[in-house]
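Next come two complexes built around subunit A: one with subunit B, the other with subunit C.
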Partner chain A sequence: MSFLAAAPGFAIAILVLPVCCGLLATILPAFGYMPALGGNTWSLGPFEELLAMPGIGRSAGLSLFSALITTLISVTLVAFFVGGWRGTRSFARMQQFLSPLLSVPHAAAAFGLAFMIAPSGFLMRLFSPWATGLDRPPDWLILNDPLGLAMIAGLVIKEVPFLLLVTLAALPQTKAGQFDRLTQSMGYGRLSGFLFVTWPQIYRQIRLAVFAVIAYASSVVDVAIILGPSTPSTLAVRLTEWMSDADLALRFVGSAGALLQLGLTLMALAIWLVLERFGRAVSHSLRAQGRRLARDGAVRWFAMVATALLALLVFSGLAVLALWSVAGFWAFPDLAPNALSFDTWNRASLSLGGPMANTLFIGGVATAVATLLALACLEREWRTGRTGGSRALWFIYLPLIVPQVSFVFGLKVFFLLIGWDATMAAMVLVHLVFVLPYVFLSLSDPWRAWDPRYASVAAGLGASPNRLFWRIRLPMLLKPALVALAVGFAVSVGQYLPTLLLGSGRISTITTEAVALSAGGDRRVIGVYAFLQMVLPFVVFVIAAAVPALLFRNRRAMGGQA
Partner chain B sequence: MSALVLDSVEIKLADKPLIALTEEVARGDVLTLMGPSGAGKSSLLSFINGSLDANFTRSGRVMLQGRDITDLPPHARRVGILFQDPLLFPHMSVAQNLLFAVPPGAPASERKALVTSALETAGLSGFEERDPATLSGGQAARVALMRVLLSSPDALLLDEPFSKLDTARRDQLRGFVFAEARRRMLPVVMVTHDEADAAACGGKIIRLAEESA
Partner chain C sequence: MKTTQNSHFVVWARRARAFKLGLAIALGLSTASALASDKAPNPADWASVEKAAKGQTVYFNAWGGAPNINDYIAWAGRELKQRYGVTLEHVKLDDTAKAVATVVAEKTAGQDVGGKVDLIWINGENFASMKQQGLLFSPGWADQLPNWSFVDVENKPTITVDFTIPTEGLESPWGGAKMVFFHDTVRDTQKALGRLPNSTADLVEWAKVNPGRFSYPAPPNFIGSSFLKQVLLETVTDRSKLLQPVMESEFETVAAPLFDRLDALHPNLWRKGRAYPKNYPAMVQLMADGELEIIFAFNPAEASNAIAQNKLPDTVRSFTFSGGTLGNTHFVAIPYNASAKAGALVAANFLLSPEAQARKQDPTVWGDPTVLNMAKLNDDERAKFEALDLGIATLRPSELGPMLPEPHPSWMTAIEKEWTRRYGAGN
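Right after this comes the complex of A and B.
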């Protein structure tokens, strides 16, 4: 069987098998059975212990609440922003402004936000002491607040760019422009016309991405460690602590907790389905009443300002974080450090090498394999004329919708059994599980949108399918292919939980190091690691943009200057 | 002997018959299909060059210069096609586009000479290094024609090839295409909306009925 013919099956195996093996190896110890850890009898003991953990109800509630609020805010903001401003010049500018945010790992963005909003953060300095009268940082619980509001903010700043991207990808498949003119000619407002007519068509297409956001937010670990509450933490954070604990007995409780997490995420999804129905009912009722809602200026501007503030907050946060990494003495409430120095970098450079090499190696291999596989699957799809349809889409979203914590724990147990724990192979494999979906999603739209008449022309000129691929299709689609590669690398760099658990303390990356530093609170060192975390994917995106620009600099239709 | 034979060709989409015909096109002749827009006409061209979507059911044979090409893969059929867009490969220069079409085997200098003389024929001498995106519509259309001819096909398919040009250029290009096809004695199948196209080529015209649209 050729590589091409094998590719789709191989890709499905990568997406499905780790999730299934991981879930299985979570379920068994959750019911007390895991001979490798000394559990030989089936029992509900782990669940009883789990429920006896102090504050477990609050932890679970926090996860559920923050996931739903995060998703609700992000989806609403994206819908209102796109609806209110699509087609305007400010929209195009904001789009350019927001798209680099996609490549910033969650943890780096969370650190940036923390550096802005902390009691001793940049925003407080901006208003001190002239407005607040403070010459010392106030003793306020802004970060790690018990309701998880800072954490929700940290998630929203990353999910808005993501949902915006998938919305914009879905937009061309609707006749948005014509519907806009039609609804506005009937007296509907710009926003209401969009929400009544175009949004339902878009939402149908981005629904799985929204589910992925819910699942992610309900089980996120790194952002929750950096910004989330600690008394108690969210469920996923506590699970991670138990699973990394030297006391092996806690693994059983952790497994039971991982199942609780799975149930919790399913519950969040179920509640979201109810919210969807509610939204549809409200929209239906307003439409049936013929409500025009034409005076939408305030709402539109609110969406614009909120989106702009959000982007501004992240970018300034990242800048402040970079500044901290080179800061000498920097007292509150000074806006800038007294002196700049590379001391922190020099000190950090002694221990940076290993994590840096690991990050590059794991990300490089996982991304290369994912891109090759995605290209092979799409080429296979083209040659056979068979698309996987909506079923394939579920496969792709499977690792994104089943919460990481629920199956990566089991996967670790599984790898322990076969002796793969803390190996590079296991590490690349588990990164591949999360990189492949994003690479495939970002590559498939441009690939499928390619004009098939080029293939007819080339075949008529005697070009074989292989020649067509290498000489025509791949060069023409080099840009999206490299962007997909960069997206994959960014996803790999950002992976925290799988890297932490499968690394077993022996393999660390920039991301695991950065998050581990957050407890210490040394802003300068955090600045170094978070800066690297943000810069690595960015550099790859720059290269991805530069290569085609250089290769095709004399080809206007390929984006060149000529 | 006829160069291109369509033997009891039938194409259906979801059991709806689109087209059914038996035709012979001699070398240097043009068979024109006219009719309302719809899958019927273009799907015949796709059937001939092997790019018909799997959703269509088809029967019948296509013979080209005595070879039965019905089951050959598209690239082995030696059937060239021109669309209404020139579809020059945007990442290649004009010369690279043409070199892509020249069959392999000949030494580089010979291949290059073929390209040079093709550009001369098209009245585009010295255009080798041009970016296709900088050509006018008429220039690009002529390069596209030279490209398909350089691949020395055994038959030529035209899918509304002139419909995007203004009237003056359309007449000019149409004359050029038919003259070149006749000079090389190629059987041509053309699909068009334009009565003038049909009249200019002088071959047999098949008018498809409204229902088959």
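Right after this comes the complex of A and C.
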């Protein structure tokens, strides 16, 4: 009981303290104060310099624009796909096809996409030279286009599986099946019936995840470097460059940029709130007109084809990536390398042990602690009936909304002060900051939407609160709990910037190794590390999917169904 | 509801107090340890340095983007362990400035001893910046290393002057660099001009006939910046101006011919200059794909290296400009607060040894040019260098052409800024 009572305070400390300390150490230099670099006076100089940076408006605009477009496309596609195809056999097949995508780190997926769609990529090779007449790649601007379209595509391919997963987790808590029968009996189309009745209930549950997508997309660094524009880059990429520039005076501008990034992310969220209202109004007016929109075949097929293409593109991209990892010389427009060679793998295997062990340890501990804390908080909330309201929500939002680049550098200075730099404890703690919100996000909605009548029945039969938890609630919610665990682990594996900065190079993970080595741009090395980055979380997801199916193989309603 | 929040706050406040206490203890402890271990090794007394180094772990912060270089560093680590009992841990960076950032953060936090970085692979802007901020182990130690006696200070001025900044023994030379260009003999690169381009002015003309087949990484990538410096050195009327820090009043006039040449080149760049290759390895990939026809590197052995690793076809060859190309030296330096200074000194000395330098110059290992003077070596040591097969695509040292020294780092900063304003801001 005392653990339960302490859990919420403990969780809040983990979510809030590091962010605040890091922000503080960012705000001071943004206003000119950083004694080690000779900044002893307060001024608005860093902001003036920031605004004088060439193309800064365009960089900021790009971040905002791409975040909103990414989220809009992802949410719409997921809603239409789930609405149009839920309950069909092709849906179940697509779901199995898409869920492994969730465990693919953003950077690996982005590389896979690049290997497919570049002018020298696999798609062009498929059609060259027999159809295009080309024996050299055309000079087409597909990757790194100034509008950021390739970057948006790279983000959408990762956010769709994520949103689909949280949607599917939320779906059982609605009476979607009954609603479908009702709306269809009233003549509504499959899609319109879903969007009018079931979707608003789902959206309420997945809203936090959508906000996380916006914040992530507006401040992402790795995908933006791989696929995004460079003339100029997005704000997050530029401020990361300033923060690591040899000219130390740029640290001040970088800090000011980090605050601008924070403002931009908040602005993107504010604009999204307006878009939400707009969406509600459109839906309302369509409903009020009594439109049935029964002829939705084309839209449904479009959603299916788009989702399938997206998955196909990523999987073939990853396959090409794996092929590159064992490629000898591979010229354009050959469809396969002229020879296979395991040199890259052999070389990598010599130095993989340490990073692999670190990745497993940090991810394992952070995820276990996060899941335990989230379960304890939710259980306490259930027993006391106090949810903490919107203020508690803000605590969970905090590490997801405050962009990493805005506070991680400051956090490093802070850890140095207390002598925690480059310790496993600091590493687990900082991973926990990012893992806990995702675990909580994945877990809380299904948990809260759990039908309380089961509890009433159990209590009526004399079950204690503890027995209720262990015998009824946890088994019924084991699937979302394990999914939350797997999501948490994937988040931990994917952490780059915090791991690099707080590990001070002494604690390296698969991801820091991958990014350092892919700085060399060698497709073979990228192939090896992206493959490894992808396999670790994937294994955890497979376990998460297998355990409930195994445990409850004799209970249809708890095991196999979505 | 209200009470929950209050109790949250009480818990939080209690934790905050405990936290502050912890902070005070940690700070107190670090001051105490500062007094205990603040004994800098003296390189003049080399025996004592080797003794102190035994058992130390040296965290060597070096760019980790090239597997062959990583392997070479791993080899050096094994030798150091065996011969001197020094453990070398390679901290693989994607950007050297990250190591500078670590030292800055430590200085910010007052951690003047027991730092995380013991040795940095460094030169140019990063060195200038660390030297100016007082972040390096001083006074100068490099010229007191035993193996300094082999170093070619006579013929390689970039060993003692790094980007016009005197090294003053604050960094020890490791290898040389010189800009060379590559083309694939399968393609008729000579057709446009009747010969290979012999200057960046020629490149502009070549690109007019072959649009979309040449590019360079956008600055501040150092290969891209090096190309801009090459153009600067070719176009500037008075090269002596580049030895001094840039003066704002003159910058526009001095740099005007540079930007005129870039303006002429850019419409014919790959992707018309709307995107740039990320870095040197990306250019290699683009050449292998047939997108780029001429690329350049900062290490004369890179083409042979890339062929050996299946990254380029074996028909690629190197060329350079008769008027000279940019060259410099890269170094290792020790931060002022390094934990294992003695170990770092021993490592720096080993990297300078004829044995380690000859292995480094072997193109099947790395192919990085040595900083040693062949005349200062004994016959056995010289034979090791002479036995090296530099590879089919590598120019002999005599074919590399004159070396143009780096301008003062402030020029690069000014040029990068102006470049971004003109070409990198989406106009």
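By definition in this document, the second predicted complex is superposed on the first by the 404 of 562 C-alpha atoms of A that agree within 3 Å, B and C clash if a C-alpha of one lies under 4 Å from a C-alpha of the other, contacts with A are read in each partner's own complex, and residues count from 1 in each chain.
We take it that a contact is a pair of C-beta atoms (placed from the backbone, for glycine too) under 8 Å apart; a residue touches a chain by one contact, two chains touch by 3 or more.
From a predicted model like this one, the values you see are computed outputs, not experimental measurements.
By the touch criterion defined above, A:A422 lies against subunit C but remains apart from subunit B after alignment on the C-alpha atoms of chain A. When the shared chain is aligned, subunit B comes close enough to touch A:D451, but subunit C does not.
In the superposition on chain A, A:A463 contacts subunit B only, with no contact to subunit C.
By the document's definition of touching, neither partner reaches A:A294: not subunit B, not subunit C.
Touch criterion not met for A:V535: it reaches neither subunit B nor subunit C. Once chain A of one complex is fitted onto chain A of the other, the partner contacts of A:M476 are limited to subunit B, with no touch recorded for subunit C.
In the superposed model, A:A545 makes contact with neither subunit B nor subunit C.
In the superposed model, A:G9 lies in contact with subunit C only, and not with subunit B.
Which of subunit B and subunit C touches more residues of subunit A: that partner is C.
Put simply, subunit A uses residues 386 to touch subunit B in one complex and subunit C in the other.
Against subunit A, in their complex, subunit B makes its touches with residues 46, 49-51, 53-54, 73-81, 83, 85, 87, 89-93, 100-101, 103, 131-134, 147-148, 151, 153, 157.
If you check the complex, the residues on subunit A that touch subunit C are 6, 8-10, 12-13, 16-17, 34-37, 53-55, 58, 119-120, 135-137, 139, 141, 143-146, 225, 229-232, 241, 243-248, 251, 327-332, 339, 341, 343-344, 347, 350-351, 384, 386, 388-389, 391, 409, 412-413, 416-422, 500, 504-506, 508, 512-513, 515-523, 525.
Taken in their complex, subunit A has these residues touching subunit B: 385-386, 451-465, 467-468, 471-472, 475-476, 478, 551-552, 554-558, 560, 562. Contact residues on subunit C toward subunit A in their complex (touch as defined above): 1, 4-5, 7-8, 11-12, 15, 19, 22-23, 26-27, 29-30, 59, 61, 63-67, 70-71, 74, 89, 91-102, 104-111, 116-117, 124-126, 128-129, 133, 211-212, 218, 220, 270-276, 278-282, 284-286, 288-291, 309-313, 413, 417, 420-421, 423-427.
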